[in-house]
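Okay, handing you the structure first.
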Amino acid sequence: MDPIKSNLLSPVALAFALGVVARVIKSEFSLPRDVYAALSVFLLFSLGLKGGVELGHADLSVVAWPAVVTLALGCLTPLSAYAVLRGLGRFSVSDAAGIAAHYGSVSAVTSIAAVTFARGMNAEPEGFMPTLLTLLESPGIHIALAIGALKTAKPGQSVKSVLHEVLTGRSMVLLVGGLIVGLLMGEQHWAGIEGFFDTRGAIFKGALTLFLLEMGVVAGSRLSDLKRVGPFLLGFGVLMPVVHGLAGAWLGTLAGLSVGGATVLAAMAASASYIAAPPAVRMTLPEANPTYYLTASLVITFPFNLLVGIPLYFEAARWLHGAGGA
Amino acid sequence: MMLERLKLVTLVAEPVLEERLTSKLLELGATGFTVTDSRGQGSRGIRASTVPGEGVRIEVVVSADVAAVILQHVKDEYFPSYAVIAWVAEVEVVRGDKYV
Amino acid sequence: MMLERLKLVTLVAEPVLEERLTSKLLELGATGFTVTDSRGQGSRGIRASTVPGEGVRIEVVVSADVAAVILQHVKDEYFPSYAVIAWVAEVEVVRGDKYV
Amino acid sequence: MDPIKSNLLSPVALAFALGVVARVIKSEFSLPRDVYAALSVFLLFSLGLKGGVELGHADLSVVAWPAVVTLALGCLTPLSAYAVLRGLGRFSVSDAAGIAAHYGSVSAVTSIAAVTFARGMNAEPEGFMPTLLTLLESPGIHIALAIGALKTAKPGQSVKSVLHEVLTGRSMVLLVGGLIVGLLMGEQHWAGIEGFFDTRGAIFKGALTLFLLEMGVVAGSRLSDLKRVGPFLLGFGVLMPVVHGLAGAWLGTLAGLSVGGATVLAAMAASASYIAAPPAVRMTLPEANPTYYLTASLVITFPFNLLVGIPLYFEAARWLHGAGGA
Amino acid sequence: MMLERLKLVTLVAEPVLEERLTSKLLELGATGFTVTDSRGQGSRGIRASTVPGEGVRIEVVVSADVAAVILQHVKDEYFPSYAVIAWVAEVEVVRGDKYV
Amino acid sequence: MDPIKSNLLSPVALAFALGVVARVIKSEFSLPRDVYAALSVFLLFSLGLKGGVELGHADLSVVAWPAVVTLALGCLTPLSAYAVLRGLGRFSVSDAAGIAAHYGSVSAVTSIAAVTFARGMNAEPEGFMPTLLTLLESPGIHIALAIGALKTAKPGQSVKSVLHEVLTGRSMVLLVGGLIVGLLMGEQHWAGIEGFFDTRGAIFKGALTLFLLEMGVVAGSRLSDLKRVGPFLLGFGVLMPVVHGLAGAWLGTLAGLSVGGATVLAAMAASASYIAAPPAVRMTLPEANPTYYLTASLVITFPFNLLVGIPLYFEAARWLHGAGGA
């Protein structure tokens, strides 16, 4: 089956679609808030643990270049998003900075979906991808918020407290903490819990499926906001990820990542945060309209990447690797 | 029994504001506060949180003076850009001297 | 500061009624509402939900007129067969003109 | 071990009993609401997914007759329940219709317990049983509510909105949605998540055990209501399921179901809904006393089927198949 | 519509006291009560539950007499050693005769 | 690797540390309340079930002596704790009795951690340890509360109602209930759910890891209370467990327990309850300062046992067994 079709028929994509449909037919179905939170804790912590175990095997010299390009993406993507939104989209400073903070950061679930997809295509990504994920999460938010804070008179909250908020946020604690725990505990201890936390296992994939079912419900309940954001943001939510994704695939390939690794880095660059960024932006840039950034990241870009973007970045990575000699 | 006449200020606000608001309340003279989770709908329709309508309902028993200061603060700082509602009621409080 | 004198109507009702009640409140003139989950016990003891006593506590800030209409509606439509309680308090509201 | 005894010592039966006992000794133990909800989401979605995967293999001609008799049961059981309650039990129109709506619908957990039981007896039910479950869920509710609405002056809520409520309810979304997702995704994707969602696996059975522990607590907390419902409803809650169950076993056998399949269909026909029906009845027939229908379905019929009914229907199905030539 | 003037007593207490308090309320003459879960902070800072600040918020609509008895009881029995706050408000209640 | 170091690098120890660190850096991360409760239900019920299954195999004569010494520990530990706190520590009657109730009872999670640790050291504990756990849970609480009630004028609540509270508390229902369910259901039914509930499996260990992550957060959020309790209680929280632990290891060895079993009994004796005891003490001895008993049991003794105590008791048990002839 071709990548796109196979991806559209994956449990995660179908579960997401089911969640959206449930909301469209006005079903009262939704996962309890706390269960949704628990699933995300499990997914992020598993990702961190597994990443830490793998990092223990990794050669530092192999990680160095990918880390550099990841940080570069973390600086470039918020700037490009801001420039496009302000220059072409004529958004206010606050709105442009608020949206840019989301596209400069990363959606962990998109990255997980990309890992699963790449594996399904027999292109196992490098084990240290979760490390890159943690590197990519916060710089973009800070850069975009800094622009917003510098250019608007009255910031909602001190930059320092928001910086703290982002660096100690749930996903950071679980990813970075999981990485360190995974690194420290070593293979033998990992063997005892691998059956539960393994990101290749059925429990992880099942939890991801349920999580996406609820994400579909959440996205579906904001579907009507699509009308409020205007055509520019609709186009931005699809084209900006493609640009960032191709940049990610290219830089990842340059940095020596495999096809799978480049696909995942591309998906991370292309993705927009919907966990860490929204509260940070809400507190720092109160004038930025939440409908814009939440709709763009959650209702447009997330499903686009999940359904179409990831296979696209995979093809790009494959092509780039082919052009590079393989 | 001796009851003290005090004010009960109730704020319903976006969850993201909880910590900021409660520390400010203490700073402005409240001796404590009680928070419950809520959901709701309002006229301005700022769909601020991922799940629209989620909120925190903060109750604080204070003197009339402190109540006025709190309301002014909320009005100036939060009404322009955040989904917040604030109301005040008269209450009688047991051992009310503890809360002023 | 200018505060508007308004009414705070509180309804505690079976969870199954939440959606019906809140849409009706808006229809009757409320501009918004706040809901929290509750549990409790009453005198009529209709054990209506699977877990007896579960309820939703709906608060709505409205003008005196709208309050009267809401209470009348609740009394006529819900008191006969449902586990519902309703009370009204006087409150002063910041930027109260938004809620009338 | 004989079927009834083995059934009484199954983890699900024992967990249910433990829950009841916990409540009887006035323990404060109970599962958090959201966790109970999450377990039911998992169970229903697993059932749907697995059913969808199996439906992909099924021959339409094999499903047709079972589907027809299932729909017939969906129409007959609410009518027979209404007639008995009104004619013999002298219940008011609202009460009779309210209770009939519960017995015309189906308890998914009873059906799951029947599947597990049949498997334990080496009588694997047909893979498309979840499809039949979805067919049986709503007709009974609508028929009974229609009777109630026609015969009482002032319906609590428009029939249309309640119809919508039932058809988009949680169990419908998860079962029908799961079926479609299972059908679409195909074997290969299923293999990746089977270890989590498989209704034969330990996770599913473990979740079912915990779910029944809490169901026991819920039933136990309503135990005192047994005194309030009167002797007629006590008898009804035991005998009506037996009648519906035997009808189900017979029609199922006629329609070509295996012993296992006929057992499960019987259990479904015999069971009374306690998830979809109660809110629908509460909203449409406010004069119907909730103590009647909740006690009958949850405190009498559910445990009766779980502990005694299912093995009985199994014996009946076996006997009917034997009489039919095997 | 006929509304009855009654008292709304609100207690915020440590979760461990919920059952004891609610049965006492009924014993003292209340016909029902409504409970919501809360979190909060106070001046005495008894860090009584594993997670500091967790509480239950109990509301009870009663006659003025019963309100006085309840407050006296809470003051005598709970104020010395427990983290409890109690306040009373005037409310008007639909079919208020049910609650006295 | 030596026991202590291996223990410090186990997932449970590291997860606990991560939780503490998260709180120290003022992260907002925490597991939802209900999920934390659900994890503890799962852990306790699994422990009970597995214990019941094992008890079915056990020879009554083998269980008898360990049961006797366990009950002895249940009576002695609250008395020794009370005597030390009152005599040396100069605590008030209420405070001393309140703290003693915690040290006389047991922390199930400490016992689970000890079982996992002993297994990792190839010293499989006896299968009936969960039975001993249930024997040890309540006597200590009752003895200490009785002292407090006798010596203070105005008890907060009738002793009878508190006795009921403890005996029907969540951990009792799940442990004793699980034991009975496990005993009754037998091997064949157990085989169907073992993959979920097995205390040796990855799911159990994974759930334990997540539970300890949150316990770390809870302990971390009370860290500042360390300053309020004074140096005596700090010393008490470390030395009292060692005394009780060594007594447990010695009595366990005398009673015929293996090295693993003696380690677990020692850990149970050394541990302080933080689930059953706190509400019981809060209701009966309102004058006892909760900061004292919660800080001592949760912030001092629990981590001490988890990180250092368990390996220590294990070494002691090994030494006692060696001295005893092996």
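As written, the chain order gives the labels A, B, C, D, E and F, with residue 1 at the start of each chain.
Following the convention adopted for this analysis, a residue touches a chain if its C-beta (ideal position, glycine included) is under 8 Å from a C-beta of that chain, and two chains touch if they have at least 3 such contacts.
Source: prediction; values computed, not measured.
Peer 1: Touching both subunit C and subunit E, which chains are there?
Peer 2: Both-contact set = B.
Peer 1: When the CA atoms of subunit B are placed over those of subunit E, what is the turn angle between 0 and 180 degrees, to the nearest 5?
Peer 2: That pair's rotation angle lands at 120 degrees.
Peer 1: Same residues or different residues: which describes how subunit A and subunit F meet, taking over half shared numbers as same?
Peer 2: On the two sides of the subunit F and subunit A interface, the residue numbers are mostly different, under half being shared.
Peer 1: Weigh C-D against B-C on C-beta contact pairs and write down the one with more.
Peer 2: B-C
Peer 1: Averaged over CA atoms, how far is the centre of subunit B from the centre of subunit D? Could you give it in whole Å?
Peer 2: 47
Peer 1: Could you work out how far the Cα centre of subunit D sits from that of subunit F, in whole Å?
Peer 2: 41
Peer 1: What are the residue numbers in subunit F that touch two or more other chains?
Peer 2: In subunit F, residues 28, 32-35, 203 touch at least two other chains, as defined above.
Peer 1: Which residue numbers or ranges of subunit B touch two or more of the other chains?
Peer 2: Subunit B, residues with two or more chain partners: 36, 89-90.
Peer 1: Strictly by the criterion at the top, what is the full list of touching chain pairs?
Peer 2: A-B, A-D, A-F, B-C, B-E, C-D, C-E, D-F, E-F
Peer 1: Per the contact definition, I'd like the list of subunit A residues that touch subunit D in the complex.
Peer 2: So the residues of subunit A in touch with subunit D come to 9-11, 14-15, 18, 21-22, 25-29, 31-35, 201-203, 205-207, 209-210, 213.
Peer 1: Contact residues on subunit F for subunit E in the complex?
Peer 2: Listed in rising order, the residues are 33, 156-157, 218, 221-222, 225, 274, 278-279, 282-283, 286-287, 290-291, 294, 298.
Peer 1: Okay, in this complex, where on subunit B does subunit E touch?
Peer 2: Touching subunit E: residues 1, 3, 6, 8, 22, 26, 31-36, 61, 89-95, 98-99 of subunit B.
Peer 1: What part of subunit E is in contact with subunit B in the complex they form?
Peer 2: 12, 36-44, 55, 57, 68, 71-72, 74-75, 79, 85-90
Peer 1: Residues of subunit F touching subunit D in their complex?
Peer 2: The contact residues of subunit F facing subunit D are 32-35, 37-38, 41-42, 45, 164-165, 168-170, 172-174, 177, 180-181, 184-186, 189-190, 192-197, 203.
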